[in-house]
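I have a structure I would like to understand better, so I am pasting it below and will then ask my questions one at a time.
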Amino acid sequence: MFEHVLSVIIFLPIIAGLLLLASPASRVIARFTGLAVSLSTLVLSLDLYMGFKGTGLLECVENIPWIESLGISYGLGVDGISLFILMAGSVLLPLVYFVFGTKEKGYYANLLIVQGAMAGAVCATDMVLFYIFWEVMLLPVFFMLGLYGGPRRLPATLKITLYTIAGSLLMLAAIVYLGVSYHAQFNEWSFAMDKMAQLNLTGQVAAVAFFGFMIAFAIKIPLFPFHTWLPDAYTEAPTAATFVLSAVMAKIGVYGVIRFVVPVFDLEFARFAILLAYAGVIGMMYCGFAAIAQKDFKRMLAFSSASHMGVIALGVFCMNIQALTGSIYQIVAHATSTGVLFLFAGILEERTNTRTIDDLGGIAAKAPVFALYFAIAMLASVGLPGTSGFIGEFMIVLGAIKFNTAIGVLAGTTLIIGVCYMLWMFQRVFFEKTSSRAENFKELTLVEGLVFLPVILLIIVMGIYPHPFLSKITPSTALQFAQPASVVAQVPASNVQYLGLTIEQK
Amino acid sequence: MTNDLMLLMPLIIVGAGAILLMIASTYDKLTHELAAYGSAGIFAVAFLVQLSFCIAGKVAPFSEAFNGILVASNFSKAAGLIILACGFFTSLSSQAYFKRNNFCSSEYYSLTAFAASGMLLLTMAQELISVFIALEIMSLAIYILVGYDRKNVISTEAVLKYLMLGAFAGAFFTMGSAFVYGAAGSTKFVKIGQYLATNGMLHSPAMIGGAFFIMVAFLFKAAAFPFHAWVVDVYDGASVPVTGYMATGLKTAIFAVFANFLVIDGALQQKWITFLFYISVLTMFIGNLIAIGQQSLKRMLAASGIVHSGYLLIALVAVGTKDFTGSVIAFYLAAYAAGTLGIFTALSYLGGKGEARKTFDDFKGLAKARPYSAAAISVFLLSMAGIPPTAGFMGKFYIITSAINAGEVTLAVLGIVSSIISMWYYLRLIIAMYFHEAEEQFDEPAESCWAPACTFVLVLCVFAISLYPIAV
Amino acid sequence: MMHCYLYLSIILFCLGIVGVVARRNVFTVFMSIELMLNAANLAFVTFARVHESMDGHVLAMMVMAVAAAEAALALAVVILLHKHKGKLDTNVFSLLKG
Amino acid sequence: MFADGLFIMFAVLAVLGAVGLVLFRHPMNGAMSFVVTLISLAGLYALLSAKLIFALQLIVYAGAIMSLIVFIIMFLNIQPDDLPKEETKLLYVLGGGILVVPIGLFLVKIVKSLPEHSTAIMGGNFGGVKEVGLLLFRDWLIPFEIVSLLLLVSLVGAVILAGKRGTTK
Amino acid sequence: MEQSVNYLGLIPLFPLMGAVLIGLLHVFTCKRTALPEKVYGILACIGPVLSFVLALKVFVALKALAPEARFLTHKAFTWFSVGDLHINMGFLADPLSCLMLLFVTFIGSLIHIYSIGYMGGDKNYGKFFAYMNLFLGSMLVLVLGDGPVVMFVGWEGVGLCSYLLISFYSEDRSNVLAGNKAFIVNRVGDLGFVLGMSFLFWGIGGNGFDYLSLKANVQHLEPAIALTVCLLLFVGATGKSAQIPLYVWLPDAMAGPTPVSALIHAATMVTAGVYMVARFSFLYAGVELAGTIVAWVGILTALLAAIFGMFQDDIKKVLAYSTVSQLGYMFAGVGVAAYSAGIFHVFTHAFFKALLFLGAGSVIYALHHEQNIWKMGGLKNKMPKTYITMVIGALALAGCPPFAGFFSKDEILYSALATGHFGIWAVGVLVAGMTAYYTFRMIFVVFHGEPRDQHAYEHASEAPNVMTVPLIILAVGALFAGFLNLPGIFGGDQIVSHWLAPSLSEQHPHGNLFVEILAIGASVVAFAIGIKIAYGKFGQGAPEPSFSGFADFAYHKFYVDELYDRIIVQPYKAIGSSIWKVIEPNVTDAPVKGVTRLYMVLGTAFKVFQVGYVRIYALYMVLGLSIMSLLLSQSLN
């Protein structure tokens, strides 16, 4: 691990992507460049991960002043929260180059750019820098969706782009508001994230700024009712983009909530947490219900992803360490499981030329390894113990019970809702009689099988032996609750003692 | 006096160059391409001189020249830099443009330089009637450039509209100046400031009325609501490089002088904050609404220019009169100029013969045929839309920061909302270029290499400017 | 007495505005603008008298010069318009709209 | 008293001329009526002791500029058919008049707030050629110089727009 | 007090490793040349047998300890630890889990052996054994887990295996649907489990969330929470152990291969709920209301299932309902705080129900997968070993003294009576009679009388030894297992109850002799009446009856499945599709669409103002100016 490892992780893919775009490289070269770059990023990230001490504070800090008059700097750093999102991206993205081998140059180049931008967004410690990466990571998605998406891609592209940009611009106002408030209170300009927690924000404007942040993140997550861009975008996007969106990008929304909203707007957050938690729970149920009605497996996975994101977001809103840690763990678990499921969906689509569930059937008999992998990812997605999905989900439900009984109980229904549509889909696609379209379904190739193996193993290892991962997360999450002791005290006292008959808290 | 002359050096270079070009153009040997290089050279030299002043910092800020009528502040120098750069790129893009359009003559370039000298004067003028004359030099030159294509009725219509309304607004300016003169006894900014400092704004209705009429003229030139209606038609009617020049250089000059005028005295600016607040909000939103429905690219860009004027008005509202540096305004202008000029430069070589490609649909599939140009245009559009990491984003960021810092949170939020609204029509062109199949091949021969080179340089500028730190 | 001069100036100015807004004849419109400039000049000269400084006279001269320059250009445009359409109606020139 | 009488006469003439400009259908009539206004204004300048401006108004404005305009009107040989048929002219004039009232009232309000001041003819050299000239070349050199630039531009413009030269070299 | 032994972890690990190994072998060979079945068979049996051996070792080790110190623990690793929540991947062997361990590994091993024969020729032979091993591993995790969370791992793991094995013949949609149903219904229960755990954690879990710590802290738990936790955990138990209202999945689960029904859906997994209640006896003991609810739910389930069982015509369904019914007994037992009685019934039930299922399996095997009892008949001659062992099983199930079922069932009924739950006892006795009736109805119809399907009858033959030997071993168990807990009245000293005592928080009722005799007498009479009626109706062979009235209603299982479909499944789907088709476009997305439309409308509307007439533009300017002037003149003075 060297000094500027984070910068390299961020800019190596971006620069490589831009160079690819500018060069007349062929598809093959593009693919192998992408692969090489993402693998080297992976190596660097692993190096970073190994060297990560888990102190809870920012590590690998880089800080270069940029706009000194406003206290804006090029600041990077990772802690236990951001590390795992970074790692999820680094680990998962190389898969795409293996799975999709015949795409155009721009496809791979955009993937590289989005990878770098996402890494930048999670590593940035300066709000302005964060915002820049936050916006930049949308652009490759915009191009991928528009260029390589399905037949109805244009409305979907516009919807996701405008929706998310609208949200993020509101966030920009909120970011500036924070910086200015910092200037007003401490007579010094700064946009550094860690300094914002010292702010003492009250009043109407603070609430507005709070929602400025919240809406931006809610759209990205997507939190009910800001999810409506998701089904179209996830369905129409090329699989790699859907994969990126669901596996990593959505998580950066949650990350934002943890990074900005929780420490900075402690009072507002405590006030509105119940509302947001309901949004999370309702979103989970709403999308879960909607998933059962889907005929298109990609759209079904899209709703499933949104449903899970509702739970993950809920974990953040519950304001206790178990739920928060559970959320972060679930972020990684969901990234691996749903991400892999989307990739599998892509494989299914490529090999059968259909996305309709009814057209498929009996694939388990044709491709047992594929079915096995799929089943493991699916089981992780429904939160089966022994897979990565359980730990996080359990901790979130546990924390939610403490936060508010009604929400906890509703959150628990994810156990049932998730399994309904997943099993239904699995039954129709993998079991039953082999359909004509699946007749010639090819098993995963050896390379594919080997490439997915680490991720599948990761799913299982993370379920069976999560301690090493958690021990890097918990110091940071503990810090989240250690800092504003006053806020934790203000959190409505646990009403578990009263058998949780209170549904609404004041 | 030598010092004073040094201050005016860029202006002198441009003015003298304009006259030289004018004279030289009577010789038939001077092809208009040579004239283009000539004017580009003049702008380049002036730019470098100006830059050397900026960097060397030998001349103290607020140095007065000629009896206090002209002042060279850091702000005016920065604005001058932008104007000169605009002139440079306009010259070169015109050169490419006239490969496809044959109504050029060498005077065109001298008029470009004349307009630039008017703009430079405008940034420095600190006296109302000088402002008026400078304004008219700039405007007259631009009128002529707008109507340069005499065979084209569209172009003539544009110049009619522009000239008529411009002169109309100019009349208001003179009336306003008369009242200010009546109240303060002088038209020099310094004297007006002294008068305001002793008497206060509120006790002088003549000052209020005069300043109001003067601002009307500025708002007209800046295309603020409700004086915006001309801008769409005139941009549409003018040839592409001229439109780019109008949208950037002219706007820079106008906002420079507007800011200079507003910061005469704190009281003056305070008086108009509410007024400018509503004007800027309306300007942003009306501009957006006009832009949404446009099919023609130039008209859309014109309407978006209205919106950008709205943003700049936010900056004017938020600007502090104490220690006025104008850095936010200058930065935004530079960012906006880079993006807009970039698009117009690209359009000037992509527009086809007689500007055949006008609408969004005409650019469908450009990315396949001309990937680099399409990428450059996308960068410019993103910059105008304010998406990081472009200069446009940083400009918007500074404006919002200064607005919130000045306590104008509502205005900042409305600016953001308008920015959201504007997103669609910028993306629309990108979508047309990238996500649609090409209907034609975009392969015209005999293209100048200068304009594409300029486009490339401007792309670099868009990114480079965003990295340049300023103080709010 | 100063007020009377200024009132006259205002009346002329307003009449100029009306001329611009109400008339479609290009010549009339341009002359209305000239009228407005003259109204401003009258105000300048009046104020010069009031302040007993001749700056106002200089300013009025400048305005005249500008008016002359504008008039020259305006007439050139009128000729151009006439060449195109043979009409002096401003409403004829409305190809650019929407 | 005499001066007041003159003022009233000139003022009435100026307004009448302006009204004529706005209302006459044919631009020639309008131009003639405008000349009346310009000459009346010249008279008013004289009453305001602006000798040089009085002269310039007559020579430059009423003389040069108006001759130019009249010349062009004649040059274009405008037939009544070429003139726009402005059936709704009066309506527009009325509407414009109503719209203008707030502006006018605003200006009137401003003027009312200014202290009244005598405009009696000033003795001495106030407004004389020499005095104004000295001022022009001493204090107002820069505007004076740049006006030359302006005129140059307008010259070039007139040539380009109205000229007959070939367009491309 | 506790002793750490590291081989505890190996017990579940062996079958799990076996599962992984077999699974991989299967996956990588099934598309090419399949491995010989023997390889799988042997590999599959290694794990269970090794586990059984280790279980014996555990038993011996425990036995060596003083009764109140019989705890062996093993902490494999810290599973997760966040804030107060410390969960170890830890295992606990105490008398309760040891008992479960022993019979689970024992019966599991037997059924594995049996399956070698039963599954012969199936193309997914390897997959089957992988699942079976996986199941056994999970079940052992469930049993050995040292805290609720680890138990939950096994709990869900067995659920998964149950799902996989029910839908084993996955080409047939109805099988997969049955699997889905099992998994989803189980998940409903699991929700209760998870919520119960959560409440328990926030109640007293801060100082350690394993049984021993919980037990030590249980007095700090507020009664209201304790009740909530008990009920929620019981919801979990109803799911896994097929009690009202979540019993519906178990009959459908018979779609799986018969050894699966024997192992999972009769002997082991379905009793997990009872085990859990016993595990949490320290909790239930403190909350009488919860116990009563558990007992009543149990006994009503027993009654309901017995009613259904009387009218079934599928041999496996009869057994399935009898399983539900017996599970009801077990819950009645643990509900009235007779935990050891409940667990003992689990133990005996495992033997005779596994025996019955395996017997049924060999009948089905012999008749080429015919399951309808009305197509059987007279098989006692063809399949004597099966017949005899099944009769033993049936007698045990029906509660005939001195078979295993008699003692364990009687223990429960006696406890109910002794603790004053007269109603439960009465229903229990009634159900005992019904049990005897439907069990022997099945026996008589299948084995006695004339063969109804002559063709099938002729091809039927006794199963191979690999299948009959386990039958015989189980029959021995069904015969003698009851004596392990012989009550005092018969001169025994309740070895099992005493063995279990350290693990359970139960107080033995001080019953008197009269109550004891009453209980035994009633049971015996009920058994006798039941078997008499059955013999009267079916003893000599009988035609397939047609049902009407109540019988028809019961034959259709009171239309409960249809009801659930109507009030849960269909509304669920309707909600799903209405969200997607109605709410999403018209409500949730409506603001977005509305804004877009407004945007475009305004955009076109504003083009109108760009009329193109310069005069109008000037008019705009003047209009704006006059408005501004108006405002400004207001502000002057």
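By written order: A, B, C, D and E. Residues from 1 in each chain.
Rule of thumb we're sticking to: a residue touches a chain if its C-beta (ideal position, glycine included) is under 8 Å from a C-beta of that chain, and two chains touch if they have at least 3 such contacts.
What you are looking at is a predicted structure, and each value in this text was computed from that prediction instead of being measured.
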| request: Tally the contacting C-beta pairs at the C-E interface and at the B-E interface, and name the larger one. | output: B-E
| request: Find the most central chain, measuring centrality by the gap between its CA centroid and the centroid of all protein CA atoms shown. | output: A
| Most remote chain, CA-based centroid, reference being chain E | D
| task | Mind checking the centre-to-centre distance between chain A and chain B? Centres are C-alpha means, answer in whole Å. | result | 43
| field | Whole-Å gap between the CA centroids of chain B and chain D | value | 31
| task | Go ahead and note the Å separation of the Cα centroids belonging to chain A and chain E. | result | 36
| Taking each chain's centre as its mean C-alpha position, how far apart are chain A and chain D in Å? | 71
| Multi-chain contact residues (two or more partners), chain D | 92, 96, 99-100, 103, 106-107, 109-111, 113-114, 139-140, 143, 147, 150, 153-154, 157, 161
| request: Spell out, as numbers or ranges, the residues of chain B touching 2 or more other chains. | output: 129, 133, 136, 140, 143-144, 147, 150, 159-161, 164, 168, 172, 179, 182, 205, 208-209, 232-233, 293-294, 424
| message | Touching at least two other chains at once: which residues of chain A meet that condition? | response | none
| Can you list every touching chain pair? | A-B, A-E, B-C, B-D, B-E, C-D, C-E, D-E
| message | Under the definition above, what is the set of chain D residues touching chain E in their complex? | response | 92, 96, 99-103, 105-106, 109-110, 113
| message | Per the contact definition, I'd like the list of chain C residues that touch chain E in the complex. | response | 17, 20-24, 29, 90-91, 93-98
| field | Touching residues on chain E, where the partner in the complex is chain C | value | 607, 610-615, 618-619, 622
| Which chain B residues qualify as touching chain D in the complex? | 15, 19, 22, 28, 30-32, 66-67, 69-70, 102-107, 110-111, 114, 117-118, 121, 127, 129-130, 133-134, 136-137, 140-141, 143-144, 147-148, 150-151, 159, 179, 182-183, 205-206, 208-209
| chain D contact footprint on chain E (complex, rising order) | 615, 619, 622-623, 625-627, 629-630, 632-633, 636-637
